[in-house]
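Below is one structure, written out as structure tokens; the observations come after it.
Going by the order they are written in, the chains are A, B, C, D, E and F; count residues from 1 in each one.
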Amino acid sequence: MTDSILFIMTKPPYGFEEFFAGARASLAMLASGLIGRSTLLLVGDGTLNAVASQDPSAVKMPSNIEAINDLADFEGEVYCIADDLKSRVGEVQVIDGVKMVSWDKARELVSEHQMITTF
Amino acid sequence: MTSILFVMLKSPHENVNLELVDELGKGSKKAALLFEDAVYYAVDKKQGKHLSEHVDEVFVMADDLAARGFKGKATGMFKEIDYPEAVDVIMERYDRTVTI
Amino acid sequence: MAKTMVIHLRTGSMMSMDSNVAVKLARAALEKGYNVHMFGYGEGITVIKEGQDPKRFPNVGKEIGELAAKGMTVVVCETCCMARGIHRGEEVKGTKVGSLTNDFSKFIKEGDKMITIAR
Amino acid sequence: MAKTMVIHLRTGSMMSMDSNVAVKLARAALEKGYNVHMFGYGEGITVIKEGQDPKRFPNVGKEIGELAAKGMTVVVCETCCMARGIHRGEEVKGTKVGSLTNDFSKFIKEGDKMITIAR
Amino acid sequence: MTSILFVMLKSPHENVNLELVDELGKGSKKAALLFEDAVYYAVDKKQGKHLSEHVDEVFVMADDLAARGFKGKATGMFKEIDYPEAVDVIMERYDRTVTI
Amino acid sequence: MTDSILFIMTKPPYGFEEFFAGARASLAMLASGLIGRSTLLLVGDGTLNAVASQDPSAVKMPSNIEAINDLADFEGEVYCIADDLKSRVGEVQVIDGVKMVSWDKARELVSEHQMITTF
């Protein structure tokens, strides 16, 4: 019996459908009413999904910003490893609702969730 | 304390998420379970050393290692196992699996 | 009661050996008496396509059908199927075209451990 | 005589944006007056599957059909199709299920430049 | 002398074949053409520096850069282009394309 | 018009079908009679395909050794970057017919072939 799941998001936006697919899966967990907590953790290239200035209309892809906003409607949490984003693209503005965190917080999230999956 | 089993499928040269082993595993009991091209960690001295410094034990799928020409060549911390044992490792010995 | 293994498969049947790993894990888990739920998402949905005929490679579709007959529950995401032009009725016997909200969330809820097979 | 671009596509229609890059390159090349030959191999064969209906992502099958109507030659590997349970008759109109020996080799022979789109 | 256009589709952190640029391109006129996640080379200082040390020019697909939030941010050797220009680069300006 | 093609092989054996698929494509070029020279160059993880002791029956995959032997029947050449293999698995015996070379030879091959593709 599992009541909580952590989605570790490792893929950058718009080259793959992975981020969108993972965010949708996390939303489905919350929408189902069966899983109490479903959380995203952005790591590595996955942190690039937090960049506020993204514009998926340029390549006609569905928006990862909207996917994150949809999660907020169901009280889904979204965390992002601050150092991984900074080491890639420096200081940039991030999407509202994404919490920038350190690996200490990531380790807490791993302990707090019963299952972990990777996208 | 949460124990973590890191599941790895990619070649040491292809895997970009080793940081997860280093960082998420800090302070936990942790192991790696190697499938497919990840079994090269068992025979690649440099990459194997890196991995073994970050985990407490490493399980290597024997069939994948044999297919690649290195049957019985896993040494030290690297332990060749079959599928029934892999199931046991996943289901009974660790609290979480994290595929990287 | 027997514990439940959830296999979250996101690699296509021929993309890599991932789908064969999923099959071998599922078989070993069933033989040891565990329940096994397999959810195909993204490219992972292709494993249930009927009529796969890889001349010299393992036939994943056939093996999945055999494991379903032995008690494995196999469901794949319908939206992902439609995106790829695979329609309800084209699935291997014993497998189901379903959804994240109705099926994957239930698998997670019932699951004791999950293994994600993806690249 | 117009030069010929060969596009060697080995990524599936939904695996990543690769297939969209292939489509955009093909369209631009045709519009500039080049001949374009596209060969789908491995996962790349999935781009010619009829009936693709990705709700929010670009419809690669439809776009390939449109480009075929504009003069692009599109052939995919039959062995790869059979392995994935896709059969002759399921291809988008204007595309062809063919072979390495008869079609890809001819594309290479006639080609001036080749671009490989694969992961 | 053969000129080479290296076609890149993967993120700087995902690409394991940069060695091909370093080694195959030695002594040749060479460029990189960046699609999809490879456009991050244009805005990732460390990875971008590595690439620009190994090629003579770099073309960056403008739509992919814009999608990722960095429209107009390519600087120095990195030049944003559209698809018609990419076709020109592939068909007319280099002898060989090598996808890595 | 193209008469020669170089296949750069980057993927390790048996995790992916890529090596087998690439070797088959190269064979098809030679068998077609249209392309005079079709050559394999193993680099990076692709060099691992040269290991003589491989045993694909352990995972029921078609043999890359046989695929290389088939090429020899059509006078297809196979080269392998010696340093890349050694840096991965040390000194190992390699398959008969694979020529171990340096990057100097690889650069010559690039000049000698009109088209280059990657697997």
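Heads up, the rule we're going with is that a residue touches a chain if its C-beta (ideal position, glycine included) is under 8 Å from a C-beta of that chain, and two chains touch if they have at least 3 such contacts.
Predicted, not measured: the structure shown is a model, and the values here were computed from it.
A.B. asks: Trace the shortest sequence of touching chains from chain B to chain D and report its length in steps.
C.D. replies: Minimum number of steps from chain B to chain D: 2.
A.B. asks: Please state whether the interface between chain C and chain D is built from the same residues or different ones, using more than half shared residue numbers as the mark of same.
C.D. replies: same
A.B. asks: With respect to inter-chain C-beta contacts, which pair, D-F or C-F, contains the greater number?
C.D. replies: D-F
A.B. asks: Compare the CA centroid of chain A with every other chain's and tell me the farthest one.
C.D. replies: F
A.B. asks: As a quick test, compute the distance in whole Å between the mean CA positions of chain C and chain D.
C.D. replies: Computed from C-alpha means, the inter-chain centre distance equals 28 Å.
A.B. asks: Provide the C-alpha centroid distance between chain E and chain F, rounded to the nearest whole angstrom.
C.D. replies: Inter-chain centre distance comes to 26 Å.
A.B. asks: How many angstrom lie between the centres of chain C and chain E, each centre taken as the mean Cα position?
C.D. replies: Spacing between the chain centres: roughly 38 Å.
A.B. asks: Could you say which residues in chain B touch two or more other chains, in rising order?
C.D. replies: In chain B, 9-10, 13-14, 16, 36, 64, 97, 99 touch at least two other chains.
A.B. asks: What are the residue numbers in chain D that touch two or more other chains?
C.D. replies: 14-17, 42, 57, 80, 112-114, 116, 118
A.B. asks: Can you list every residue of chain A that touches 2 or more other chains, as numbers and ranges?
C.D. replies: 14-15, 17, 44-45, 59, 61, 115-118
A.B. asks: Once the touch criterion is applied, which pairs of chains come out as touching?
C.D. replies: Here the touching chain pairs work out to A-B, A-C, A-D, A-E, B-C, B-E, B-F, C-D, C-F, D-E, D-F, E-F.
A.B. asks: List the residues on chain A that touch chain C in their complex, please.
C.D. replies: Residues of chain A touching chain C: 1-3, 5, 17-18, 21, 24-25, 28-29, 31-32, 34-35, 115-119.
A.B. asks: For the complex, which residues does chain E have touching chain F?
C.D. replies: 2, 4, 16-17, 19-20, 23-24, 26-28, 96-100
A.B. asks: For chain C, which residues are in contact with chain F within the complex?
C.D. replies: Residue positions touching the partner: 14-17, 20, 56-58.
A.B. asks: With touch defined as at the start, can you tell me which chain D residues reach chain E in the complex?
C.D. replies: 3, 5, 16-18, 21, 24-25, 27-29, 31-32, 34, 112-119
A.B. asks: Any idea which chain B residues touch chain F in the complex?
C.D. replies: The contact residues of chain B facing chain F are 9-11, 13-14, 36-37, 40, 43-46, 63-64, 66-71.
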